[in-house]
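Chain naming follows the written order as A, B, C and D, and within any one chain the residues start at number 1.
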Amino acid sequence: MDGVFDLGGKQGFGPVDRTHEDEPYHSQADARAYALSVAARGERAYPIDWFRHTRENMVPTDYLTRPYFDQWLQTVVAMAIDAGDVSLDEVISGKAKALSRSANPMSVADVRNMLTSPASFEREANGTPAFEVGDSVRTDERGRSGHTRLPAYARGANGTIHAYRGAHLLPDAGAKGEDVPEHLYTVGFAARDLFPEVDNDDTIYLDLWESYFVSA
Amino acid sequence: MEPSYDSEKVAEIHRHLHSHLPSEPALRVKALESLLVEKGLVDPAALDAWIEAYTEEIGPKRGAMVVARAWTDPDFKARLLADAGAAIDEMGFAGQASGHLQAVENTDAVHNLVVCTLCSCYPFAILGMAPPWYKANEYRARAVRDPRGVLAEFGVGIADAVDVRVWDSTAELRYMVVPQRPAGTDGLSVEALAALVTRNSMIGTHRDLTVSGA
Amino acid sequence: MDGVFDLGGKQGFGPVDRTHEDEPYHSQADARAYALSVAARGERAYPIDWFRHTRENMVPTDYLTRPYFDQWLQTVVAMAIDAGDVSLDEVISGKAKALSRSANPMSVADVRNMLTSPASFEREANGTPAFEVGDSVRTDERGRSGHTRLPAYARGANGTIHAYRGAHLLPDAGAKGEDVPEHLYTVGFAARDLFPEVDNDDTIYLDLWESYFVSA
Amino acid sequence: MEPSYDSEKVAEIHRHLHSHLPSEPALRVKALESLLVEKGLVDPAALDAWIEAYTEEIGPKRGAMVVARAWTDPDFKARLLADAGAAIDEMGFAGQASGHLQAVENTDAVHNLVVCTLCSCYPFAILGMAPPWYKANEYRARAVRDPRGVLAEFGVGIADAVDVRVWDSTAELRYMVVPQRPAGTDGLSVEALAALVTRNSMIGTHRDLTVSGA
């Protein structure tokens, strides 16, 4: 998907604002928005890429102007409306018509469990990886219509396999509710091959799935 | 019901929410919290547990402990660089977004910088909440295109001879930078060393740690 | 330049709002902003692409959220500050310190003349055009660091020369104050070659300069 | 002084203006008008002349006259399709952004649509002020990627067998669409025919003109 969220390499952005950098939450609303967005995902194990794709489909100017966890919260609410756990009318009116049929909210024990249990996105591979460390690869030129994790700045670019990472769930499929393991690689790109004005030897690394490459 | 996995449908829902929810962020959050609690979709005690976890318990001190141990324990450092997820699990720090953690090491010749250009992914379990600048459009746009310019704004000058490596963590791998141990710290304890490690040094927007911890 | 202004093909944008479509100006402020932005360019013949590039360098969220002529006006004011016709302090304070040394504002007669005198951007060509109607061309993959007029959606794409348009001033140079004539072509691209989800035979036409192509 | 032609410098000026000018558009315009007039950089009479030109004089009626003449005068139509800038000059309509005008003709098999994805370029001299939707992010983003979807929102259905041609007018060429002459208009005068031609039909967001002019 091409959209305003794909910010890497976009020009015209000014200095990085470091306000509030030493507090975990920059406001009370920020803290509540964070907690709500993780707690309300609770019972449903939404694929992480359906969450990301739902966020990507926010009104573009909201995406670029609203606080980060505020966006998470709206995304979780949009997913809940989509899945029928709450209705758009209820959210807009602020009046609950009935308890959610599926209501079985995340408990404090669930929270403690999630805080100590990292999720794994690695799965059994189908077949052997096509590339080895040191191989040259070229990325897909035009991107994909739906959710995908090849940033626009690295499309149609030549890179080198830096590491093989096993088979991970393919985000493009995850955003459609499908579990598709695919070989994942870390790929190094010479910054000068990505951005015309670069005149140094810096390297940009991206973790990319095998189907994002067009040829060796 | 199951999710629709329909882009157009959720985009339309977002447009309705854009038009009908309060435009002020604090009011919007309050309105949604009331409804989600009333619907029984959220337990207020769980909200407090999430907030407290990242206020009281999980933060960059964890990453700093990992770095200090790596500085003082060569075997641990080797394990950390080979499989950071497993290494931090040894220390009881495994948690959110640490399942595929990678540690990348600064040297005299290399400086590492971490970003997520597509959505601000961050290793919560080991660094706590991401600072606002990490999630900001400016950092996401510029860190891959002009890392040296961004670093200069953070007061970090990088000599021409030093290679900058930018890790754009858009998949499920997360990255933490292992900064260089400052000179003059030979006699310090692991705890004292950990106190020198800044959060930004583990993201890569700080390079030269000092014994004064600045 | 890669930036948020390069909107062609970006996804996540909703229905087209047709409010106020039958009035020349949607508000009094819109009318004033238009008039100011054309009148204040007056005496200085700024290259059109310096104007465009200055607009492209607005704060990105302003670009996406502010009215069109409001953006034009701020762009003209930014160019005037850059050129020293007015100071940033004067604009911010709203207090003129002195008449502009260069003040020789556009008169009503100048306006009438501009309204009946189309500008030409065609110039004497240097050399013969490299391509003919019907030739296949491929566009540059990575764009340019500064102002340019090859939209991101048509980079690294194969197209066909539809027409030769003579030599026109190259925008990339115009934004730097340089007059560089270069052969201009209208190029047709199969929509299906630009956007993965397209399944029809529609064509997108773009007017592109010869240096935007990498090979025949 | 001359312009600097320095991207960074104007970007910084824009950031200052963002921070210090009124955030409300009408107030911002008013403040800038006062200053520009006071500095002597703008003559208020010229402002009124610009506004009136596009209120009283220049608008889509010009384009409609051109189309109606093309429908009734085959020689003119040939000249229009060969060099629209010269053809409209014959009618006294040459002006802003008409120097490199191109006319593209709808047929039973072809529908044309005009956009400028990079900055909203428009043939002012022949169509007047662009409607707000033409300048909107939504139209600029979607017209090249989903022209049939955009047309459907305008009430225009395009049969599968009809090719859509989108003209993204990002250079100095400007485009006007010559719509098809509606059936049942054989006896009408040029003036009556012109009254049937809508502005949107000359941009391409209207296709089937009717004798009722809807």
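Everything that follows uses one rule, which is that a residue touches a chain if its C-beta (ideal position, glycine included) is under 8 Å from a C-beta of that chain, and two chains touch if they have at least 3 such contacts.
Note that this is a predicted model, so its numbers are computed, not measured.
**Student:** Report which interface contains more C-beta contacts, comparing B-C against A-B.
**Tutor:** Looking at B-C and A-B side by side, A-B shows more C-beta contacts.
**Student:** Let me check something: if the centre of a chain is the mean of its CA atoms, which chain is farthest from subunit D?
**Tutor:** So the chain farthest away from subunit D turns out to be B.
**Student:** Measuring centre to centre with CA averages, how many angstrom lie between subunit B and subunit D?
**Tutor:** 48
**Student:** Report the inter-centroid distance (CA atoms only) between subunit B and subunit C in whole Å.
**Tutor:** Measuring from centre to centre gives 39 Å for this pair.
**Student:** List the centre-to-centre spacing of subunit A and subunit C in whole Å, with centres computed as mean CA coordinates.
**Tutor:** 33
**Student:** From the mean C-alpha coordinate of subunit A to that of subunit B, what's the distance rounded to whole Å?
**Tutor:** That pair's centroid distance is 14 Å.
**Student:** Of all residues in subunit A, which are in touch with two or more distinct other chains?
**Tutor:** Answer for subunit A, listing residues that touch two or more other chains: 1, 5, 9-14, 57-61, 64, 153, 194-195.
**Student:** Quick check: what residues of subunit D touch more than one other chain, meaning two or more?
**Tutor:** If we look for residues of subunit D contacting two or more partner chains, we find 11, 15, 137.
**Student:** Tell me the shape of the graph of touching chains, choosing from line, ring, star, complete and other.
**Tutor:** Chain contacts: none of line, ring, star or complete; other.
**Student:** Which pairs of chains touch each other in this structure?
**Tutor:** Per the contact definition above, the touching pairs are A-B, A-C, A-D, B-C, C-D.
**Student:** What does subunit A use to touch subunit D in their complex?
**Tutor:** Residues 12, 14, 60-61.
**Student:** Which residues of subunit C touch subunit A in their complex?
**Tutor:** Where subunit C meets subunit A, its residues are 1-5, 9-14, 56-61, 63-65, 141-145, 152-153, 155-157, 193-197.
**Student:** Help me check something: in the complex, which residues belonging to subunit A touch subunit B?
**Tutor:** 1, 5-11, 13-22, 24-29, 31-36, 38-40, 42, 44, 46, 48, 50, 52-55, 57-59, 62, 64, 66-68, 70, 73-74, 77-86, 88, 90-92, 94-96, 99-100, 103, 105-108, 110-112, 114-122, 146-147, 149, 151, 153, 165, 168-169, 171, 175-177, 184, 186, 191, 194-195, 198, 200-209
**Student:** Taking the complex as given, what residues does subunit B use to touch subunit C?
**Tutor:** Spelled out, the residues of subunit B in touch with subunit C are 11-12, 15, 137.
**Student:** In the complex of these two chains, what residues of subunit B are touching subunit A?
**Tutor:** 1-7, 9-11, 13-18, 20-21, 25-26, 28-36, 38-43, 45-51, 53-55, 57-59, 85, 94-100, 115, 117-120, 125, 128-129, 131-133, 135-145, 147-148, 150, 153-154, 160, 163-173
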